[in-house]
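In what follows, structures are represented as structure tokens.
In the two assemblies presented below, chain A is common to both, partnered first by chain B and then by chain C.
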Partner chain A sequence: MSARRPLSPGNLVALAVLVFLLVLPIFGTEFFVNNVMTEVMILGLAAATIVFLASCGGMTSLAQLLFAGIAGFMFGNAALESGARGLTLGWPPWIAVLFALAVTTVVAFLLGALGSRTTGIYFLMLTLVYGVIGYFFFAQVVTVSGPGGVTSITAPAPLNGRVPLYYAAVGLSALVYLAFRAIGRTNFGLALQGVRDDPVRMASLGFNVPFHRTLAFTLAGFVAGLSGLLNVWFNGQIDPASIAIGPTLILLIIAVIGGISHYEGAWLGAFVYVGASNYLRELPLVDRIGITPDRFNTVIGLIVVLIMVLSPEGLVGIAGKGRGWRRGSPRARSIEPPTTSETMEGTAR
Partner chain B sequence: MNTSVEGERRTAEEPVRPLRASVVRRLPGIGVRLALALAAVWVLFLARGTSAGPAVDDPGRFLITVLDGVTFAGLLFVVASGFTLIFGLMRTVNMAHGSLFLLSGFIAIRLQQAMVGKTRNIEAADVTVLDWVVPLLVGALVAAVLGVVLQQVFLRWNQGQELRQALITLAISVVLADQMLRQFGGLALSMVWPGPVTHFFEIMGQRYSTSRLFMLAVALVVGLALWLWLNKTRMGMVIRAGVDDEPMVRALGINITLVFAVTFFVGAFLAGMGGVMGASFAGAATGSDGAWLLNSLVVVIIGGLGSIKGAVAGSLLYGVVVAFSPAYLPSRYTFYSIILTFVLLALVLAVRPYGLFGRPE
Partner chain C sequence: MNSHATKARWLLAACLVSIVALVASGCGDSGTTAQPSDGTASDGAASDGAASDGATDTGGSGEGDDVVRLGILGECEGPFGGFHEDTVAGVTLALVNHAGATATSETTALDGWSGAEVNGTPIELTGIGCGDDTPDTILGEVRQLVEQQDANIVIGPLSGDEGIAVAEYAEANPDVTFLSGIAGSQEPTLEVQAPNFFRFHGDGAIWNAGLGDILHNQEGWDTVAVIADDYSFGHTSAAGFIADFCGVGGDVVSRVFPPLGTTDYSSFVQQLPNPDEVDGYFWVVGGTGTQAALEAFVNAKGDLTGDQHAGNLFFNPGLASALGTDIAGAYVGGFAVLPGDIQTPEITEYLASADETWDTLATGLTGGEPGPPSTAAGFGFMYGYYSAGVALVRGLEETGGDLSPEPLQSALAELTLELPYGDISLDENRSGIVDVGLSRLVENDEGEIVQEAVAIIPEVDQTFGGTFSTDTPPPSRDFPECQEADLPWVGNAIPVEDGVPQE
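Up next, the complex of A and B:
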């Protein structure tokens, strides 16, 4: 699974999936390609940022949907020329894209810097608070959105069709997948993993621990912003409800379903989630056991409880366990029980 | 609970630095003092064009705002103390705390409707003290029992795996929210304060509701009971010992598993009590669970996770900010009041990343 062995089974599977996704519009139904798979790619992209932070940095973030939302809102505000809500700045669309990504990245940097000295469960709670406060911000501040959100947003020129948007989502997903995996092998990525495993030792070796965490968080925020742009083009609108606490949890759940320490898991989880939300009602007999589309959240919640009870590694972890691939994998530690050294530190205090 | 408040202890992440660096490190502290001073000057003298006006011109309105803040802090404390109690002993972040809050509120509302015999337009005069206290206890008891069941089934065997437990309780909160939507519908329901406490009185030219003071009184009783329980009983002693050194308590032959269950019972009971008080104060609706999970999180992040003292401090700070920001922001900008919550959080985290009374993990 590395660049040193380009023809390893893992890489071949990834390549096959990519080729399949590229030729899918030729034979797939319009609904499946333009609605289901595009959404899978967008959600997978956002969930991959959670996976990146969790697996490389040991930080479980619930703020990623907020960054997607910020990018979407900023694009809507900057690009629209007229409309009842928002700033309607009427900038050229690609300038608006740059503006949205810049704002998202700066906000991610500031929030990351604020949270960079907290870890573990504290970080999870803090980012949840970021997400909910962000929701209230967009719901209350009518200058940029208000409860109704910003509507009738269109994608800029080459992407303003269903199939081009699908290809953009696939392309970005592939790029981000490769980039995240490559970052794990750079000096920065290695230092980040050191920070995850033993911040005290890294600090005494001279690494700036909070700064590494901040940079990782900023990068993840930027990528989440990319997915937010795709999302706002896909939906044509964005409202605060789409970044409320429910969808925030769903995004984490997507990352967890797939396996929070494997990048593939992000898109796999998104596929399971979107697939279930679109096709669950068409399964025979599910109505009989009381599972209707209205109770979809119950189903998703129960699936996550089940996965977390069986294996915190998610679907990829369960599959890997079956084949014994996990032997000594250092990445598979983000949700594992604390190591003995951590426990000792905790008790020796 | 968290008695060993360390002062200027240096952790290993902050090695000794030259003088210039230490000035840089003290910048957050200076910034916080400056921000506090500015806020005080603004509220006292400058706040023209706000809905309340400067405090020196309108002391009555200022007093009312303080009362609003303190009474809301009472409710915050009841909910957040349960959250922080559970974490302090078991290191479990119970993300379903908001769901227990809302469930208890809904059950109490239904029970009150049944006891009064009307489902709508219940007047305060119809409600006796018993019609409020019995639903309070029943709602809180249901929340407590459900809490213990959750703990025994889902959290007992993975003790110590904080993130896994947080994710499990998050998923449970999604399920509970969906089931409550099915059971109680999406419309806001509200509980009615008992008639004897629903009056208005005059204070410095302003009318104020006694039900808010009643809420504060309930919170004070809860706080006092919690303090007595933790400091004057054997069980409380075991819990405090468990917070400091759980393996040692276990090694001394104390049945800590039972203590865990009791603590979870009390924590969930407090969430349930808060839920009934919150339903009387602002109604219960889909989404209240998320809002109150947020409130609990903000309080414990400010105060320090696992510390009852921190829950008091966090509730007071957060309650005061929530009450003051709409009143003392310029009228055209009151919808920015949520930002001030965030500013409060940022100020506290800049000086103390683990909260005012928190300890690093």
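Up next, the complex of A and C:
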């Protein structure tokens, strides 16, 4: 997608996809729209934050599902008026939304600041630790959750229907997609990419490297919080198992399937994951070759391995290769040193 | 380079084809399987408007339905993943015994059945959900069954937290009738109270009713330490024992809650008082954890004496293979079935029917290896699903095969099921009032550890005479508190000698 050429093929495809998503409820089945696609949008939104951190800031985070979970738990605690679980503060739902996002953003800022001086594998490990601590925090602290989680949560009006929730998920996804792309072109985004490529040089130029990383992490946490709110409205409940290590890894896998350096990939990966989990079992004869629902993780694992071997840039990378082939020399293009403008603008295509 | 480009082109094409295929399978069946619950049009425009009011009105047994499209929520992954076969086998056996069905395969229940019919209404298997003990997964599975595969009756789930999630889903989908499989948490019926969610079995608390009475009044325990899995079923199971033991005058001096799925219990066992500081221990540690926890106890506190231990349904003679015969003397709470040494003609006939239906089944009780079907049939997981299947058949008989939600659900609420392990009726929250069989691990003449029935507690309901109600919080780490109470069954226990109830 290009801001300078509004009618570029990439922009037209994105527009077509958006229009398709907007009119989908007219002809799609309720199950496909209200379950499959809503979940795709929610997971895609969360996975897009991983893509943002990885592509723009060079940070692979395993804590994004934790932030989604924090928002969900906080909303449940604040909005529920009665019940046996959680604080049951009984606040007006939209106040609860603001509260949940505020808590999520503050926690993301603090954890981001704590991890802002680590990079690479150490950052990955640190965010994994955040995720694990978060899981045990909510499993152990019965005041806000406990092992059974918070149940009976409903979305605030006017999102308390299934189609409105779908449109909310599509709308937020589109907004976040555009916002992440736009951020890449702001001064902050350019500095962040500089921090990704050469932190020492950026520091010597006077940029505050840890602060840039912290801000990026905070922003990603906020967006993951939005996804967490949608998720808790979608499921009506949240419990520590929702943010355990398994789902945490699945979110990373979704980003990898789609392509961890492309924002489109987040939603594409979510579509493949959710689609496979819902429709694989319906393919004819698939159970005869041993692909029953309990083997689903094996299938997803195979898809990931296949993608890692064939196209480390994920499904979007495959599409990109196809485009490059049509232009004549994909390989020659890929080994050219990137120009300054490509580095700055095209990092997250 | 050409080959590289060709490969990329093929990959791109394969990707697009698979995406289109997924979209098609999602969208293409709009006219064939989408089933409005209230008789409104099922086209997309109507679905948009109808769904926007917040109710999830897909699936469901509309007025015109004449086929039971039965969805079963099984458990193919997670801590209870080994019992997937048991769940479907339970339902299948009910339909074989009471609705004229024939099992499709002789070695697995997962292939379903054919020919099930009640008063002219066929019962078809529309799908089997695959839970993993987490609410998120079971919600996805139940949506898949009801909204994609169009099930109008759902049997399941198996596990406690799942039961709460499914009961809440049931509340939002009043036209679909739900029969709990064997989910033993208290909340699905006592808290959620969905009018279309029926539980023809007890809960974790019920299954321990009467145990505290025996331990305090017969065995002389005054103080006890409780160690229980930290999730809704563990809390409920421990709550039943605590309410009972404290109700008759005992005292719980320590409560320890290891997370579900713990493998190293040493730090939790260290938190328990020593054997000379307490009269006994009550264990609510499930699955493979039971043995691991007891082994940690032996390492930390010294050898076991069975007289000083009791456990809920997870205590079994198999523990002796690792712990030796010292475990003899331990009391064991009930499950949905009665202990194996109680044999009535009804039980014998029921177990034989399982062996007639299949040659072998690879169930959780046989460790996933092919084994006698009656082994699984005599255990609570399969029996819970069997009870639900029988309830469905009896409910349809009452309505004359009418599937409409209102008459069917009214009929189910009024049922008293005559089942091999005792009659089951429902309370006002549609939870089972059941007989509980308590047992003890004893050493037989050959030096083997076997399970021997000691008492049957008749007609236990989930309120425990008022200890639990809609106004009390769900069982948790500190609820219920330890206090004396009037328990309806004290003095009514039916002793069992040599497998024969002394009525």
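Everything that follows uses one rule, which is that the second predicted complex is superposed on the first by the 324 of 349 C-alpha atoms of A that agree within 3 Å, B and C clash if a C-alpha of one lies under 4 Å from a C-alpha of the other, contacts with A are read in each partner's own complex, and residues count from 1 in each chain.
Basically, contacts are C-beta pairs under 8 Å (C-beta built on N, C-alpha and C of every residue); 3 or more make two chains touch, one makes a residue touch a chain.
Just so it is clear, the model here is predicted, and its values are computed rather than measured.
Partners chain B and chain C, brought together by superposition on chain A, clash. Judged by the touch definition given at the top, the superposed model places A:P156 against neither chain B nor chain C.
Legend: residue contacts after superposition of the two complexes on their common chain; A:G194 is shown touching neither chain B nor chain C.
Of the two partner chains placed by superposition, chain B and chain C are both touched by A:V142. Using the contact criterion defined above for the overlaid structures, shared-chain residue A:Q237 touches chain C, although it does not reach chain B. Within the superposed three-chain model, A:L128 lies in touch with chain B and out of touch with chain C [touch as defined at top].
Once the two complexes are laid over each other on the shared chain, residue contacts for A:I253 go to chain B alone; chain C is not touched.
In the superposition on chain A, A:T29 contacts chain C only, with no contact to chain B. None of the stretches 7-15, 241-249 or 313-321 of chain C clash with chain B in the superposition except 313-321. In the superposition on the C-alpha atoms of chain A, the part of chain A touched by chain B in one complex and by chain C in the other spans residues 142, 294, 296.
Against chain B, in their complex, chain A makes its touches with residues 60, 114-115, 117-122, 124-126, 128-129, 132-133, 136-137, 140-142, 199-200, 203-204, 209, 244-246, 249, 252-253, 256, 294-298, 300-302, 304-305, 308-309, 312, 334-338, 343, 346-347, 349. Residues of chain A touching chain C in their complex: 25-32, 34-36, 84-85, 139, 142, 146-149, 151-152, 154, 160-164, 235-237, 239, 241-242, 247, 271-272, 275-279, 282-283, 292-294, 296, 310-311, 315, 318-319, 321-322, 324-325, 329-331. By the touch rule above, chain C contacts chain A in their complex via residues 1, 4-5, 7-9, 11-12, 15, 18-19, 22-23, 25-27, 29-30, 33-34, 44-45, 47-48, 51-54, 56, 58, 76-77, 81, 84, 110, 128-130, 133-136, 139-140, 143-144, 147-148, 161, 164-165, 168-169, 172, 187, 191-192, 230-232, 235, 259-260, 473-474, 476-477. Residues of chain B touching chain A in their complex: 12-13, 15, 91, 93, 154, 158, 160-164, 166-168, 170-175, 177-179, 182, 245-248, 287, 290-291, 293-294, 297-298, 300-301, 305, 335-339, 341-342, 345-346, 349-350, 353-354, 359, 361.
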